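Quick heads-up: structures coming right below.
Here come two complexes built around chain A, the first alongside chain B, the second alongside chain C.
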Partner chain A sequence: MRVGGFWQQAKEIARKDLLVEGRAGEALYITIPFGAVALMLIPLAIGTDRPLLAQVGPGMFLAVSLLFGMLVAFRQTAADTPPQQELLTLLGTDPAAKFVGRAATSTLLLVVFEIVLVPVTILLYNPGRIPGWPWLILVLAMLASGLALVGTLAGSVTAGLRTRNTLTPLLVAPLSMPLLLGSAQVVEALKQEQSILLWITLLATMNLALAVIGVVTARPLEESSR
Partner chain B sequence: MRERSYQALSLMAIAAIAVGFTVATTVPPERVQGEFAKIMFVHVPSAWLAFLAFGVTMIGGAAWLIRKTPIWDRVAAASAEVGVFYTALALMTGMIWGYPVWGTFWDWSDARMMSTAIMFFVYVGYLALRRSIPDPETRARRSAILGIVAFVQVPLVYFSVTLFRTLHQGTTVVRPDAPIDPEFLRALMINLAAFTVVYAAFMTWRTRLARLEDELEETEAVADFEIAGSGITAPNLEEAPDHV
Partner chain C sequence: MPVLRGVDLRIDPGEVVGIIGPNGSGKSTLLRILATLLKPSVGQAEVLGARIGSSGILAARKRIALLGHHPGLWGELTLIENLTFVARLAGAGTERADLALELVGLGGAKQRRADHSSHGMQRRVEFARVLLTQPDLLLLDEAHAGLDKAAQALVEAAVGDVKKRGGGAVLVSHEPDRMLPLVNVTYQLEGGTLLGRKEMR
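For the complex of A and B:
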């Protein structure tokens, strides 16, 4: 007998993942500070020229969000152990609901990651005021959800493999390039006060496509990990 | 296929490349780019064959998910390998051509170059995934799914010159009013045919190799499987010591 409907199951999975993450603190206490350190290291590598740093600041934020966001998306606490998998299967959990729940947790954690890193970027790089900056809230949310979706999908593909920790970034990085491109182009378009519609559409399409692919492939991927 | 057929296909591939090379050298130099334009006889067919190869990977993956027969997984894997080779060739020849003509090996703002490089790494990831999974069925299932998902990149790469107006020239050959010299176009088509024969040869050989690898794996697995009682040996009665 299945426990609850699809959305109820997704909610329970998300709640469970958040609880596990809250106990382990892998994303919040390790990856986020690591991302902040990366933002501090970059000026030491490219030079401490203030106008240059102000110019590259938003781009560095996006690159760090993408690279370190990957670590959040396929954190160890998001991987089920074989007994956990068996329990969820016996409970009749829909694999698609599991995908949705897990992606929702990752999105939430990535939003927190971005919320912490935005002030760090502003303080360290002083990028100046970007016209139409409230649009960036939407962009960051779409970047977070897109990255969470692609990370969860890649996590399912590499579930249980010995090479998971090294293979997943190789799969995620190229697939998430359109997300980085779309976000970076929105920042550039806003700076030049041009239309951002094309890039917002790209981000939305990417999110939608990843969500559909994730839901459709959830069951066959689940079967292959048994 | 018999051994002789494999050899014949290989000879055909070598002959096709020889013909393509000969035709390419006989075409007069381009008015502006001179001899550099002839890199296109390798660059364009490589890019097209990469698209074809990744399409075959997708079809092979989908067919495996439907039929569950190992041949489709082998076809998908072989085609991905050949596709990665052709993509690398397209990228390399594009960069070699770009330096004298554009003044740079790599242009960061060019949508076609960037999307092709991304496609290359997506399929490198596909091959890495295959190498990471020892169980044949799990490997076939997961790589089939990734092969289907990864194909999304192909139309993105193809239409990148239409969607983004960057340095790379737009669609040329398939346009009805193709702005290309007929002699140049003919040489390009001959080279495309030659590269297709090479693709067929690579595919045939690689699929055969994959089948042999599977058979070897199966034989080794059977040999490793210990049979109950295999530790007990029959007593050697003939050489028994005489206690009398």
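For the complex of A and C:
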């Protein structure tokens, strides 16, 4: 029997995860709206100091993206039950393809999350026009994929552990810091009309490193989780 | 504390083995070792020519089907979506998924979500998966549990199909009555030890 290739398997995993998520609605109907609400609550806490809101707006967007993005990245619908895991194993699914497919789904959901959050941020914080703002599209895409990779990797490390729910955020938070730092610094550099190359390189390097680590460790992590 | 002790078991092609034992005797553990999902802490296990822990086991796994206590279905997906997903991953052709569901009597319930289906229906989907993937080694854990009389014929059909293709099957149960007519050989497993081989007619 012919078994689908690596990319075919990754595509099937992503398609299945999107279908499951679309029907369970854990990220789309719970986490994403709640993230938008969190962004709305901050101006209430700060008050109507418009210049301050404009100044902190991009940072608040990134912080909310990171915190709620973690919840999207390691949502329950991204975790298979033991019988489901065993089925995937016995179908000959490459653990690395599972990693790639799952990270792709999380990236897509995180991009949707960011698309929802951007107008909310502009409306409530009015951060003004940032010079070279089209670069932010690239930054948001790299932030989404970086968070997705971190979340998927942490999910692989903690798979099968009873302490999974506690341990995963503890792993994800420090690994996400370079992503937050890089994204925030790009915004600052654009505002100051300075070079963003260093920070874009940091984000790209983080993405590449996480992808390589995730793919290389997928099989040993899966075998050790049994 | 070891679950199995001194187990020495050989299953030849075309052989259907029944393992009988009370709850907690190690039946499911033995089945999971045969499915290559567990590595024995001591000793060796070789399945379909590949030693567990070796790189060759990846190829062997694709030829094994395990039907355990809990069906490996995604509740949010419909029955046909579950089976189509399996077909695509196994490279089995999605058109056969439809046919497999028809064969297990679920042709009219294809679009029903798995979590809205009864346990018996979910078990039938598992048998449809066996028809679809055509494993060389079929492992059934309490195969008759949760199945009505009509569906119990699926166990017989699945075992017969594997046997016909020269494969092997292992059935474990604590209620041997329904299992015995299907097997060539039985073993009694008690306290993690295989007590004896009994040839069946």
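Here is the rule we use: the second predicted complex is superposed on the first by the 224 of 226 C-alpha atoms of A that agree within 3 Å, B and C clash if a C-alpha of one lies under 4 Å from a C-alpha of the other, contacts with A are read in each partner's own complex, and residues count from 1 in each chain.
Here, a residue touches a chain if its C-beta (ideal position, glycine included) is under 8 Å from a C-beta of that chain, and two chains touch if they have at least 3 such contacts.
Quantities reported herein were computed from a predicted structural model and do not represent experimental measurements.
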{"item": "Chain B versus chain C as contact partner of A:T217, first or second or both or neither", "value": "first"}
{"item": "Partner chain(s) touched by A:Q9 [first = chain B, second = chain C, both, neither]", "value": "second"}
{"item": "Contacts of A:R162 with chain B and chain C, given as first, second, both or neither", "value": "first"}
{"item": "Partner chain(s) touched by A:P83 [first = chain B, second = chain C, both, neither]", "value": "second"}
{"item": "Touching residues on chain A, where the partner in the complex is chain C", "value": "1-4, 8-9, 12, 15-16, 19-20, 23-24, 77, 81-84, 86-93, 226"}
{"item": "Of chain B, residues touching chain A in the complex", "value": "65, 114, 118-119, 121-122, 124-125, 128-129, 132-133, 137-138, 141-142, 145-146, 149-150, 152, 156"}
{"item": "Contact set on chain C toward chain A in their complex", "value": "35, 37-39, 58-59, 61-62, 64-66, 68, 70-74, 76-77, 81, 85-86, 88-92, 113, 133-134"}
{"item": "Chain B partner contacts - residues on chain A that touch it in the complex", "value": "153, 157-158, 161-163, 167, 170-171, 173-175, 177-178, 209, 213, 217, 220-221, 223-225"}
